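In the two complexes below, chain A is the common chain; its partner is chain B in one and chain C in the other.
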Partner chain A sequence: MNIKRCLTLTRAGIIESLQFRLGALVVVAGNLLYLVVIYHLWQAIFASVGTETVNGMTFTDTLIYLVLATALFNFMEMYVVWEMGHAIQTGEITIQLLKPMKYRSYMFWSYSGTAVTQFFFTFLPTFIIVAIVTNGAIPLGLNLLFFVISVMLAISINYSIDFLTGTICLYTESTWGINIMKQVIVLLMSGATIPLAFFPEPLKTIVNYLPFQSIYNAPLSVLLDGNPEPAKLLTTLGIQLFWCVVMNIASRLFWKLSLKRITVNGG
Partner chain B sequence: MKRKSLGFYFRIYRKILAQDLKSKMSYRADFIISTIGMIFTNIAGFVSFWILFQNFPSINGWGYYEMLFLYGFSLVSLTPVQCFFDNNWALRNQVYSGDFIKYCFRPINMFFYFQSEVFDIKGLGQFAFGLGTLIYSWNKLGLEFSPLMLLKMIVFLITASLIMIALQNAAAATCFWIQNSFFVLDLVTKFKDYARYPITIFSPVFRFIFTFVIPIAFIAYYPSLVVLRPDEVPILSWISPIVALVFFFLSYKLWMRGAMKYNGTGA
Partner chain C sequence: MSNIIEIKNITKEFKVLNRREGLKGSLKDLFSRDYKIVRAVDNISMNIEQGEIVGYLGPNGAGKSTTIKMMTGILEPTSGEILVNDYVPYKNRTRNAQNIGVVFGQRTQLWWALPLVESFKILKDIYGVSDKDYNDMIELYQSLVDIEPLLHKPVRQMSLGQRTLSDILAAFLHNPKIVFLDEPTIGLDVSMKSKIRTLIHALNKEKNTTVILTTHDMGDVDALCRRIVIIDKGKMLYDNDIEHLKGFFGYYRTLKIRVGGDLKQTAEKIRAQLPEFSVSADDEWISILVDEAKSKVMDVLSQLQKSYKIRDMQLEEISTEEVIKKIYEEGVK
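For the complex of A and B:
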């Protein structure tokens, strides 16, 4: 694959998303408001128990976990399902299929630009503010490196799931419903709404066998663990890699099969 | 412009509504999937409460069923904004593309005409789920049930609805000034998720902010207290219907102000 071609798409995406600087400001403000709500809610929750840690998580851990999960969501959410559904409904997809590039990579690289700007304008500010507010509760060491690796794997898994969901739109011609179902399942099962540590037993085991926990729970637990045991770290990243490969293959295969069925209205 | 009677508007609304429903019915699968998606979101909210209360007996003196009551209350009160004012989401696109100009040339109220064009059926799924939650928790809490109570309930549900409608109108109207109002609308939509927590968990500063600056507490907390804890109803609950009317009126004025200064784009 021609890397220059991909980076051109990234660049175009960056320029395009820079048009909406005010949007980034609103997103960061929204994250801060969420921080306030989450802070008070979990403070009240922990106060009602009276112990320092619940299920191995302190109040600060929970706070960092949840706010950064939202920040991660903001920059990983590429609205792929939305775009694909729109392209299918309007027939725009025919033009995109004719491009001298695989549709899957074309979509990914056109969105990578937005991801880059979102990272610098929404994730990083939120991260820094959280680090300051929690007074150094985020361990800053080698774990940051592993966190970055883990996030990259998470982006890939998330994209595969999005692409898979988007492909379903070829069959249903419905976007909103499919997208919201995907979003709800991913956010709940990945620990982005409530940290997985709090899940009651049978549910916790089930969730651990699903790919979703690799998207938010894995990178965040890597980040929060200051000096991890090598075995535990390797398992987390290994599982992520496994899902990354599996979902990648699954989404490619499903797309290939579905493309034969494509119907485009009008013309 | 001559004032039209309420009956006139009612008749027109029925006609426009029928057109919208006819066009929706041609995408039956989309309707079914969207409704399922909507109920999915509501179930996810339910499940996250359930998980929380598996770990904690109460939050700031609020038990499981009381929280469910608040949740059900907010879902029901959100139905009107979902069903009748969903076109607000399309406002920014219409303003951007110039399509909005058509509303400026009709001999009826612009705000009315714009909002009446879309009726979102999937809100009904949310209504059913919310009502179920409300009745379930009402039963479990052993709250008294009398015609007077029911009347109070309805009045305060409408109050809560008006507040949410007002917030959304104002958020959508920002697109007359800042072009892309998606992020603002998205932020306001998140408010409804915060509304399901009792305001007492916040520190006094934020209690003030969420009551008087961003009136989230009026979406569910203050109105529902009238039924939920009839012995300790704060004065803010009693005046909330007036607050709702004022907010709705202000948001309407803001919306119309934006619409009046709109001068179209392109040719």
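For the complex of A and C:
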């Protein structure tokens, strides 16, 4: 019963996102441009250092990592903050609150459709192309299964952070700045723009204690490690699970408190 | 008949920041803790029965939307009790949502990019409507309005009228006990308005759905509501049948006569003759607002006929619109 509700929203999201063909093309074009830029940027970085490996990563390693991070970003980013901010400003949130579902899950499932579409149209093709072009640099084994688990946890953490940030919009009534700030923090701290291996030691330690690295760094390191030590793999997934639970609880609590504010003082 | 909505002495207050003027004032406002309390709804009570259509009226900013938001559970009353379908709405918002449908003026709950039928299917699953109920409902819709051409049209391509119609159908789809319609006919042309009124009326009849309607269009009220509730500045002004409304300020009718000669002068004379009524004159007619509690229109007419040669006459009933306007402007004595 409940599952049916959720899946119908996913289905709607898929159909909806397929309506905007031009938008999808623009995203692909933008990504290609971005990839060209990071290709040349990192080539320059490696050339200036002059050694084959920097911080334990070769140029190819770095590039594979960053290309996959971009693809992962396209598929996991849900733009929930935008949507919530918009709904709050226009008052549309009142209609969404009157659905016989919890708002948090209503939003999640409404967006899941886009994620599914993005998975098949951006992530999967990118992954296949990278796998073929690099000719075996991505190990194809049991790590794929762990990768799927890791991505699911990452999606949940990412959504919780988004939802938490979106809830802040209830107080500020402005979206743009908050969203940009969130995006920069998440992308940098998660290792989506620069692999964590390149971070200076103290920063690396700090980042390891934050939830963000569980979003991009964790799934990518699971994917790119063909023969992980079981202990290391379990630690990675365990930390993800920990953050998944913590962020879920935090975002739910914060929402509950904030909702009280809406019902007491109006939208 | 049982009450589906019970409201007892509800009051809703908002805390509003006192804004100051100018750049300096705006800067000060950043740190200001200078709040004032605004009472949007002030001690309102009413009971609404299953199957009623209630017109909920009031000037802009009277507190209508706030009351409706409290009934739907989006707002929590500052004090007082409210029961909708035996639930306290703000405590059971999600459960309450299952039993209500809403159409909020210009907003839509439909999926913008999808054909209408897809939106219906999504709503069907969200509200857990069975296949049979869903098909019956679509069949009913088809018998009431011609929805076939709308079903396969994406919502973003619809005209405002078509979209409003679709939104109303969507609100009734899960056969809720109560439907809240907030200005459903705003911005629509005459034929669409009448189509929507017929539809609301038919759905109310067919499903015995309680309908709470806010509007500024007295045509909606005359066509649909037997009972109206009027509020202003958060206070209840009137809650009764629409027939009683007309007698609310006495039974007024306007008698218009045309006589020879200078109308303005004649009007002066009539005014002296009938001091208890208000008399006015324009280029064609002399209008006398007759309070039927004091004397009958026919008596006034025959009295006037003795002194003047009346060439033509008209009798106008006071419209709901005029009564309401009077209530908004003068309040209740």
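Going forward, the second predicted complex is superposed on the first by the 261 of 267 C-alpha atoms of A that agree within 3 Å, B and C clash if a C-alpha of one lies under 4 Å from a C-alpha of the other, contacts with A are read in each partner's own complex, and residues count from 1 in each chain.
One rule holds for everything that comes next: contacts are C-beta pairs under 8 Å (C-beta built on N, C-alpha and C of every residue); 3 or more make two chains touch, one makes a residue touch a chain.
Quick caveat: nothing in here was measured; it's all calculated off a predicted structure.
Student: Looking at the overlay, does A:V116 come into contact with chain B only (first), chain C only (second), both, or neither?
Tutor: neither
Student: Return first, second, both or neither, reflecting whether A:P200 touches chain B, chain C, both chains, or no partner chain.
Tutor: So A:P200 only meets chain B here.
Student: Regarding the shared-chain residue A:L188, is it in contact with chain B (first), chain C (second), both, or neither?
Tutor: first
Student: In the three-chain superposition, say which chain, chain B or chain C, touches more residues of chain A.
Tutor: Greater contact footprint in residues on chain A: B.
Student: If you stack the two complexes on chain A, which partner ends up touching A:G91: first (chain B), second (chain C), both, or neither?
Tutor: In the superposition, A:G91 contacts chain C only.
Student: Taking the superposition on A as described, I'd like to know which of chain B and chain C A:K99 touches: first, second, both or neither.
Tutor: After superposing on A, A:K99 lies in contact with chain C but is clear of chain B.
Student: After lining up the shared chain so the two structures overlap, which partner does A:L124 touch, if you call chain B first and chain C second: first, second, both or neither?
Tutor: So A:L124 meets neither chain B nor chain C here.
Student: From the superposed pair, tell me which chain A residues show up as contacts to chain B and also as contacts to chain C.
Tutor: 20
Student: Would you tell me which residues of chain B are touching chain A in their complex?
Tutor: 27, 29-30, 32-38, 40-41, 44, 47-48, 51-52, 54-61, 122, 178, 180, 182-184, 186-187, 190, 194, 197, 201-203, 206
Student: What does chain A use to touch chain B in their complex?
Tutor: 20, 22-23, 26-27, 29-30, 33-34, 36-37, 40-41, 43-45, 47-49, 54-55, 172-174, 176-181, 184-185, 187-188, 193-194, 198-200, 203
Student: Can you list the residues on chain C that touch chain A in the complex?
Tutor: Residues in contact with chain A: 14-15, 66, 69, 72-76, 90, 93-95, 97-98, 100, 102, 104, 107, 109, 111-114, 118, 121-122, 125-128, 154.
Student: Sort out for me which residues of chain A touch chain C in the complex.
Tutor: 1, 4-5, 7-9, 11-12, 15-16, 19-20, 90-92, 94-95, 97-102, 262-267
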